[in-house]
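In what follows, chain A forms one complex with chain B and a second complex with chain C.
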Partner chain A sequence: MLEAFIYVSFIAFISGTVLPLLCRSKNARKASFGLSLLSSILLLVFAGTVLYTGKGPTFPVFRFLPGLDFTLVADRLSAGFILLIAAVVSGVSIYSIEYVEHAKSEARKSLQASLTNLFILAMLMVVLAGNMVGFLVFWEIMSLSSLMLVLHDYSSEENKKAGLFYFIMTSLSTAFLFMGFISLFRLTDSAEFGPLDYSTNDLTLPFLCLFTGFGIKAGLVPFHKWLPYAHPAAPSSISALMSGVMLKVAIYGFLRFLLSVSAPELWWGTLILMVGSLSAVLGVIYALKESDIKRLLAYSSIENIGIIFTGIGLYLIFKLEGLQYLALLSLAGACFHAFNHALFKSLLFLCAGSVVHATGTRNIEALGGLVKSMPHTAALFLIGSVSIVGLPPTSGFVSEMMLFQAYFYSSAVPDPLLKVLLIITLSVFALTSALAATLFVKIFGITFLALPRTKCAQEAAEVPKPMLLGEAVPAAFCILSGLFSSQILNLLGFDLGIPDMLPLGLILAGACGIVWLVVRNSGPTKARISKETWGCGILAQHPTMEYSSAGFSEPLVVIFKKIYRTEISSTRTYSDTRESIFKNGTARMYLIKVFEKRLYLPVASAVSHVSSQVSRMQSGKLDTYVLYVFIAVLTLMTFTRYFA
Partner chain B sequence: MNASFLLFALLNTGFILLVSPFFMSLIKKVKASAQGRKGPRLLQSYFDLRKLLQKEVVYSPNSSGIMRITPYLNLAVLLLASLFVPIVFIPDAPAGIGNIIVFLYLLAIERFFMALCGLDAGSTFGGMGSSRLMSLSAVIEPTMVIAFAALAYVLRTMNFHEMFAITAGSTIPESPTLPLISISLFIIIIVETGRIPVDNPATHLELTMMNEAMILEQSGKNLALIELAHAVKQTILMAVLINILAPWGLATELTLAGFVVSCLYFLVKASLLAGIIGLFESSIAKMRLFRLPSFYMMAFFFSALTILMEVFA
Partner chain C sequence: MIFSFLADPEFLEGIIRILFVFVLITAAFTLSTRNIASLLTVYAVQSLLLVLIASFLYMIEGNQTLLAIAALTLVSKVLLIPLFINLIGEKIKISRDLKFNYLEPTASLLVSIGLILLAYVFLSGFFSEYILGKLFFIGAVIGLSLTLMGMLVIFSRKKVITKVIGYLTMENGVLLFGIFVADLPFIIEILIVIDLMILVLLTTILAIGLDSTREEYHQRLQTLKIWSGRED
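Moving on, here comes the complex of A and B:
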């Protein structure tokens, strides 16, 4: 019975993919997104049932070729991630019905609708895949469909570069996954995902390959640079899916591997914890310097992925130290944060899409005052911000609190050195969450509050209802899954002893009500609107006097100037020979892209150097190639004779 | 939620609301006498609040709903936070009330909306205040979390109510590391309430102000709410320090005598602490903005040191 849900949604997504291609009309696109909405609801029911009962349906084995089976699994882990996919997709589908109509041409609109469905289907199938072959096939479909969506506006130079960057990184990720899976296959002789139970020495290579592969896709530092390029290039609904869901699919893959290893090693945990903490803090620090709204959100995704990996690292450490409760708490925290991040980040990207749609710019320095022209979008964006900053009683708070709680209880870890590591990463984690608050005060404040800074912000108008409704769905999830977090976790059988948000929320609401009632009945009830903001006797207030995005983050930029590495260069010419009378000159101050300069470019130039050497062998003559084949066969034969 | 907790909520929150403005005036008085001035009356804060509550609110035409909601929300948040810090007696609280992480994040809510409020009217001063507040609070956050983690570490619980029950049961500080944590807690009070050397609550000069800059646009009833919320925050934070370092007299269960004794003891101890804060403020100069992170590092070292001592002891 349950498996029917999967089949129906599979068919729905396929028809959603094909339909807009066959018939390029608005109705076909509407039907296409309607189908994805329908299947997301089916999937919500499916995932909820599997999560609750803990038992998934068994699927038959699909045999493509002898030895190439395709199996599906739906256990609790995959059900959790299906729930995440379905929750985000339901909002994105509603949003896209209207949003997709703003693409440039009819062909692009239909293509976007079709590819969105394919992309969602691929992500769903990656999570459902029961063996490595299926996983990799759908992983590639997922990567390529998202690549095409990133390149949807391929005429702009910037987007081309973003697409190329994304393509290289995602291929690199797949290459590492291939290596990891092949080395696993060599150990077990089986392509199924199953318990991995052998001497730990063998697993170093698969672990490193899979951690790198999934890390690239998830956007861990230092492999994070594709995110701030790809997200601004993609349409906002796609950014929401990529940031909300695709990054989580990578985390799913990594968890699937990690949880099947019966005897992981402690250094895995410390490595994951350190990389996770570093990603989290660097992600948010880089975000502070940005003023492109989608790039800001992309950096903030890096931060949140870092937090999730922090949780996974803590899980491994606590598990190996024999602290079952803390291990469970951190793992549940990581998974819950993955779920929450999917929701509030897709909400924020959708709202950012609305803002970009209404104003035509991504630069928040040009915005301002949108709270008056777009009040609903502003309210929804505020819900997303409050949730991502982790203010109680929203969902973002609950998952961060679970990790904090695990950290605070970590005094039970016996190893003193490990404790010191935990204290350091705890302070980094605290710094991250506080910087995130600063970041979102900046985004919300500069974008939505005060006076509009440019004409495009002045002329903004509220977006159509379907877009608002699409944003409201994840917003509702953010609040409800926060308020009812303890109840939901109890229902799933996890008694983690975390504070119940429901009474807190109720008391807070009650306190607001009491304060309001008491104050309303004292003194005058009417408020007065003055002529202008008080400004020390200025004649008229001008938007240029407002705090700007760069100005807002200036104190932190000064405090963290070691990390930002700005470079100042100047050229001057003088009127006299003694260089005392200045004639003219230029000065430039820019941010050194440390990772690009020190890591990406050297690797890229090394690769292009090697390939230019290889290309010398390409003569274009048939007999030379036959010679190469001959030599290769001989070498292989010799090799197998003596070494295998 | 049981009757005892309901009673606690009324008594504790009522008591905190009642005495909070007093400590604001007291600190001003101490500062004034240290500077050779006469200073305001001890009840001046109450008069100010009453006066403000009877005035109408004036909004800037640029301001939005944020400006209108924040004063109410912030006071409500701090009233909720006041349930976390028992002063009159220690009740049987429902799970979650008293959790130190929730407490930290309740303070974060107040800060977040205050900072948005500063940006709302589009005034340069407000933006400056928000920017400084959020930046510096981000830098102090590791210290706060580590100090609270150290508390949890030493007292083996994450709940203020349980912590205070432990400390109140002993005559000397439970662990020799508690006085060390108290230094961090004291610095946290100074930072969170915006006092010298971090911020100067007595001036309206653009070079020195943070909190005052953000509330420049507030007026009338809203200003009263914000001032009251600020006073409540100060009392709560002082109560945390007092109950950790000098918990004598805190009743562990509800009796009339216990309640009266707790209140009186708290008044005396908090007045002493307020005096110390006033003297501390008078004896030190306002720091340059970018010197502050190193001041915060000091607090960080004290709390990290505490944990490390426990770890390697």
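Moving on, here comes the complex of A and C:
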């Protein structure tokens, strides 16, 4: 019975993919997103049931080539991620009905609707795949469909670069996954995901390959550079899906591997913890310097992925140190944070999409005062911001608290070196949380408060209702999953001693209500302005007097100067030959793209160099190729004779 | 009976060994001969030697397939294929293939001695002389080296027509190997011959229709050199 939900949603997504291609009309696109909305509701029911009962349906084996079976598995781990997918997709589908209509041409609108459905389907199937073959096939479909969506506005030079960058990184990720899976296959002689009772020596290579592969896709430092390029290029609904869901699919894959290993090693946990902490803090530090709203959110995703990996690292460390309760708390915290991040990040990206749609710019320096012209969007964005910085009683608070709690109890770890590491990463984690709060004060304040800085911000108008409704869905999820977090975790059988958020929420709501009533009833009923306050000689308030985005983050930029690595370059010309009378010159101050300059470009040029060396073999003469075959045969003969 | 010695296996084996030597000599000729007409003759003679080897082996073993192979080889490789290639040679008016790639004839001959040694060492790792029987082992070695020498001809000679003969020599090597070791089913032998016929026909079309030295073909392959961006 339960498996019918999956089949129906599969068919619905396929129809949603094909329909807009067959018929390029607004109604077809509406139907397409309606179908994905329907499937997301079905999937919510499915995932909820599996999570609650702990038992998934059994699916028949699909054989698409002899020896290549495709199996589906729905256990609690995959059900948790299906729930995440469904929650985000429900909001994105409603939002996209209206949003997609703003694309440039009829063809692009339909293509975007079709590819969105395909993208969602691929992510769903990756999570449901029971063996490596299916996993990789749908992983590739997921990567390629998202690539095409990133390139939807392919005429712009910037987007082309973003697409190329994304393509290279995602291919690299798949290559590492292939290596990891092949080495697992050699070990187990089976393509199924099953328990891995092997010594860690055998599992080192698969672990490193899979950690790198999934890390690239999830956007861990130093493989994160594709995120700040791809997100601004993609349509906002797709950014919401990519950041909200696709990054989590990578985390799902990594967890699927990690949880099946019976005897992991301590250094795995330390590595994951260190990389996670580094990603978290660097992500938020880089975000502070940005003023492109979508790029900023992309950096914030890197930060949150870092937090999730921190949780996974803690889980491994505590598990190996024999602290079962803390291990469970960290793992649950990581998974819950993944779920929450999916919700609030998709909410924030959708709101950012609305802002960009209304004002036509992504630069927050050009915005301001939108709270008056777009009050609903502003309120929804505020919910997302409050949630992401982890203020009670929203969901973000609960998951971050779980991780903090795990950290606080970690004094039980006997190993002194490990203790030092945990204290250092804890302080990094605390710094990250504080900086995240600064970051979202900045985004919300600069974008929505004060006076509009430019004409486009002045003329902005609230977005259509379906878009608001689409944003409201994840916002509601954010608040509800926060308020009922302890109940939800208890219902799932995790008795972790999480404080009940519901009374706190009620107290906060009551306090707000009281404040509102007091202000309303005791304040003056009529505004009396006799004279303008003396403004020290300033005749009127002007937007240029406002705190700017760069100004707001300047103190932090000074503190983290070493990390930003700004470079100042200048050129000068002189009127005389002795260079003493200055004629004119230019000076430029810019951020060094450290990772691009020190890591990506050297690797790229090394690959290019090797390729050009290899291409010397490509002489273009038939005889040479035959000669290669001849030499290969002789080598093979010698090899088989003496070594095989 | 005058021909009673033909029933003596030891005598027949001796003959076959002499034929092996002749086969090697023809291979050496294929590597070094510049005149196309002589190349063809060498090929026909080589095929004829195979026919003889198969026939003598039939006398020793009494396997009907060997006789069928001998007959098929006689018709296709001794008569038909040389006839076809002769036709091509007349049409494109090429009588000599003077140029060599990578290896000059002397070097080729030296390399082919190395090849025979390599084939011997390689095969001795798989079947020892005693399991297979000395004659059969030598047959396998000669077959394998003939195949490798055929490949040597393909890349060391310039003209298409010579390359085709190199390919045919390779196939002769496979046949020889098959007779002595692998015991190829007859049907596969027929299929290989049909393949060869098609190859020769295709060469006819290519050689006459396009260009006899494949210069144009080379130019098309040049476009593959996108990486280095070199012009040569």
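In this section, the second predicted complex is superposed on the first by the 585 of 644 C-alpha atoms of A that agree within 3 Å, B and C clash if a C-alpha of one lies under 4 Å from a C-alpha of the other, contacts with A are read in each partner's own complex, and residues count from 1 in each chain.
As a convention for this text, a residue touches a chain if its C-beta (ideal position, glycine included) is under 8 Å from a C-beta of that chain, and two chains touch if they have at least 3 such contacts.
Source: prediction; values computed, not measured.
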- Message: Quick one: is A:Y7 in contact with chain B, with chain C, with both, or with neither? Answer first, second, both or neither.
- Response: neither
- Please work out whether A:Q618 is in contact with chain B alone, chain C alone, both, or neither, and reply first, second, both or neither. second
- Message: Quick one: is A:A527 in contact with chain B, with chain C, with both, or with neither? Answer first, second, both or neither.
- Response: first
- Report for A:V626: first if it touches chain B alone, second if chain C alone, otherwise both or neither. second
- Task: Check whether A:F64 is in contact with chain B, with chain C, with both or with neither, and answer first, second, both or neither.
- Result: neither
- With the two structures laid over each other on chain A, which partner does A:M637 touch: chain B (first), chain C (second), both, or neither? second
- Query: Looking at the overlay, what does A:Y574 touch: chain B (first), chain C (second), both, or neither?
  - Reply: neither
- Item | Superposed model, chain A: greater residue contact from chain B or chain C | B
- Within their complex, chain C touches chain A through residues 101-102, 115, 118-119, 121-122, 125, 148, 151-152, 154-156, 158, 214, 217-218, 221-228
- Task: Name, in rising order, each residue of chain A that touches chain C in their complex.
- Result: 611-612, 614-616, 618-624, 626-627, 629-630, 633-634, 637-638, 640-642
- Message: Under the stated contact criterion, what part of chain B meets chain A in this complex?
- Response: 1, 53-66, 72-73, 75-77, 79-80, 83, 94-97, 99-102, 105-106, 108-109, 111-112, 115-116, 119-128, 130-132, 134-142, 144-146, 148-149, 152-153, 156, 158, 216-217, 220-221, 225, 289-290, 293, 300, 304, 307-308, 310-312
- What residues on chain A touch chain B, complex-wise? 368-369, 371-372, 375, 378, 386, 389-392, 397, 401, 404-405, 407-409, 411, 416, 419-420, 423, 426-431, 433-435, 437-438, 440-442, 444-446, 448-451, 497-501, 503-504, 507-508, 511-512, 514-516, 519, 522-524, 526-535, 541, 543, 545-547, 551-556, 558-559
